[in-house]
Amino acid sequence: MRRAAAAAEFDRRDASWWMDRIAQGCVFAGGISAIVFIVGILAFIATQGMEFAANRLSWTEFFGSIAWRPNGHPPQYGALALIAGTASITAVAMALVVPLSLGAAIYIGEFARGKTREWLKILIELLAAIPSVVWGVIGLNVMGPLMTDVFGVPSGLNLLNAGIILGLMAAPIMTTIAEDALKAVPDTYREAAEALGATKWQVVLRVVLPHARPGLSAAGLLGVGRAVGETIAVLMASGHAITVPESLFDSVRSLTATIASELGETAHGDDHYQALFVLGMLLFAITFAINLTADSIVRGIRRKKA
Amino acid sequence: MVTNTGPEATEPMLDVRGLTIRYGGSVALCDVTLEVKANEIFGIIGPANAGKTSFLRALNRMSDFVQGMEVKGSVRLAGRDIASVRNVYALRRSIGVVFPLPVGLPLSIYDNVALAPRMRGVKARAQLDEIVERCLRRAALWDEVKDRLRNLGSLLSGGQQQRLTIARALSQDPELLLLDEFSIAIDPVTTMRIEEVLKELRHEMTIVLVTNLVQQARRLADRTAFFLGSRCIEVANTEELFTGTVKDQRTRDYVEGRYG
Amino acid sequence: MSAPASSFRATDRELASLGRQRLVRSFLLFMTAMLVLPVLGILAVLIWQGGPGLSLEFFLDDPKKNMTAGGIFPALVGTVWLTAVALLLAFPLGVAAAIYLSEYAKDSLLTRTINVAIVNLAGVPSIVHALFGVGAFVHFMQFGQSILAASCTLAVMTLPVIIVAARESLQAVPQPFREACWSLGATRWQTIWRVVLPNSGSGILTGVILCISRAVGETAPIMFTGAVLYVPFTPEGVLDQTMALSLHLYNISTAVSNVPPGLPFSVALTLIGVVLLMNATAIAFRMRLRGRKKW
């Protein structure tokens, strides 16, 4: 009696079965949303700037000229100075902060213990949480005047200022990823070296760092990605001069800052508007390549560990 | 114990033919064919990695949700090929499972036992109370937890969690109860109490009992299968298995404790 | 007897290397301090310069005299609007994505693609998000410059934060719980709803808090999509334009003239106060979570 009833039950798709199906559909839609958005970003930025890029933009001018005068007669769209601006700020930021981040990662990962470690990690996290515009205010209102006083330069808003700010902004992600990379080195390696009588620092230098190298380079790459893409802080701290910088105290302008400061002046669809989308496309391509590379490195490490 | 295998059940409760299970490349179970009659206690003994647990997992189609688990061959439950079942959840509702390592869900003790009835649609408080008490009593846990039914089930001791798992399986009111080395985490006294419960339950359901304790199979099972190296070596009436009329020397060696 | 004892005594060379180790350790600590001290330094400067300007009236007044005086009330309200709408959009999507990745996704090409997309979505520069917002939401979907367009942009931008946090907390629920639940005849969804989600709620909440903190602080994505320099009233619906705290700070720092020197610091202090409070809550949450045992 009971068995027959059960057997019939097995084929009846009840409310919970359908509920499960519906939930699965919804959740799947959420799952692919990330893909939809990244493709959407690519598509929108590409199409908004495409007509201009295909017909009226001279690529030799774009990559070869330092004259960015979208409002000139005739308008000029040379992005070289902007690219140089982004590159130089990023370079300064990295030069300043890569060693610090690495040092901090080694300290937090290998030397610090217990409460100290917890607190340092929290502070690094808070550093990452400071909004871009607050960094901008610090660059503009604190570092700028300070720089004029200390170095006696005409403008405190310059490459060095933006580099310092940007470096500090990129530091948390580099420190975190670098520390992860150090942590991924198996303890057995450390113990083996320590058993041979090596000091902690020798272990770090000879064993841990060489093994963590891919992860550390991923950390550096992600830092570069952050620095290239940062907008508001750079806009406020870097001066605003469209030049290829010759010294640390020259004012510069980055790709991101150019878009942020000029998009408001354009009319939807005009050449200037489209040119800014071409800059956006360039930024997207750069950061996409950087993130993809860094991610595949990190993923490779994780797979090896598993 | 062994006398109650009368022929009144024309169709076996479980009819397994050519069951082969793979995880990725490795074979966990190879070409197992056996029958389990209704209302019997069917024991499965064998050393670790013999495929006993995989066998149980195939019976309620857990393979659907486990990545890389591949099942070939047919399993018929009460004459019904489980692969053709359209609502696998209804199938699982009629099969109770008790895991070797106790899993008290991180819900209250009450909710642990009431979960299955609730999913089945039971809402009335009184009815739920009744089910919870009955199942906990049967699993010999009621007296220990009746004053703290609101506590987390996952924080009970191992032995208590195991009995909670049994109570939870009973709350499904299953046709088929699968027990996978249930006594691993329980003390001998509790084990004996649960064994008594199982003997009573056989009047209501069919029980497949995987055990690492040869003597437990002898105490409980009507018939017993011996698994070794992913294969079912032999199936026999338990008493025969233990009194020496085995077909395979390896079975005798295992039963007599020469390995395993 | 003396031979083994002396072998435990450090040689000069070993002592030197221990000394070097101490030196290295101090140097590394110094490098770490160089990174974390700015946080405290910035806080100190903001409190010192901006603290005196804070008062109840500052939070509850409209900006006055071309935004060189008065308070920040409309900007505060605007930020709440922008963040709330963004969260409303990003939360269900992000949690759904996390559930898919943690509970359903097999190790397939699609799953790997989703993960790559999440990583890259998090890495897209904020100004590129702004361009996307302008192209997709302001013009293509014709939301115009509005809270809706700005919040959509913020939602896309903060989506990875929620996904990653939620996925992590879902995956922290041990697999045997799921299998036990399935064996009771629960559907995947019943398992998720009754067992998995209740036990990862706090982790998801942490993600939400971080997402809010991120959305509150962002400037670039909203400056062309819906937030504006000045509106004399607080928004009444999602199609209104609004002021926002972050953009207000940007504007009084760069676009508005004759701003008293303390004002930007007061606004910055307010902004960073909100953001750090959020983050501190998230951190406290995480620690309490780690301390509590549920299985």
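Quick notes on this one:
The chains carry the letters A, B and C, assigned in the order they are written, with residues numbered from 1 in each.
Criterion: contacts are C-beta pairs under 8 Å (C-beta built on N, C-alpha and C of every residue); 3 or more make two chains touch, one makes a residue touch a chain.
Only a predicted model underlies this, so the values are computations on that prediction, with no experimental measurement involved.
The chain with its Cα centre farthest from the Cα centre of chain C is B. Think of the whole protein's Cα atoms as having one middle point; the chain whose own Cα middle lies nearest to it is C. Between the chain pairs A-C and A-B, more C-beta pairs are in contact across A-C.
Taking the mean of the C-alpha atoms as each chain's centre, chain B and chain C sit 48 Å apart.
Separating the CA-averaged centres of chain A and chain C is a span of 15 Å. The distance from the centre of chain A to the centre of chain B, each centre being the mean of the chain's C-alpha atoms, comes to 53 Å. Among all residues of chain C, those that touch two or more other chains are 187-188, 190. The set of chain B residues touching two or more other chains comprises 89-91, 94, 119.
For chain A, the set of residues that touch two or more other chains comprises 16-17, 20. Residue ranges on chain C touching chain A, taken from their complex, read 17-18, 20-21, 24-25, 27-32, 34-36, 38-40, 42, 45-46, 92-101, 103-105, 110, 113-114, 116-132, 134-136, 139-140, 156, 159-160, 163, 187-190, 192, 213, 216-220, 223-224, 246-247, 249-250, 253-254, 261, 264-265, 268, 271-272, 275-276, 278-280, 283. Across the interface of their complex, chain C is touched by residues 60, 62, 65, 67, 89-97, 99, 101, 103-107, 115-116, 119-120, 152, 154-155, 165, 168-169, 172 of chain B. By the touch rule above, chain A contacts chain C in their complex via residues 16-17, 19-20, 23-24, 26-35, 37-41, 44-45, 47-48, 97, 99-101, 103-104, 106-108, 111-112, 120, 122-127, 129-134, 136-138, 140-142, 168, 171, 175, 199-202, 222, 225, 228-232, 236, 256, 259-260, 263-264, 268, 276-277, 280, 283-284, 287-288, 290-292, 295.
Across the interface of their complex, chain B is touched by residues 106-107, 176-188, 190, 194-195, 198-199, 293-295 of chain C. Note for the complex: chain A touches chain B at residues 2-3, 6-7, 9-14, 16-17, 20.
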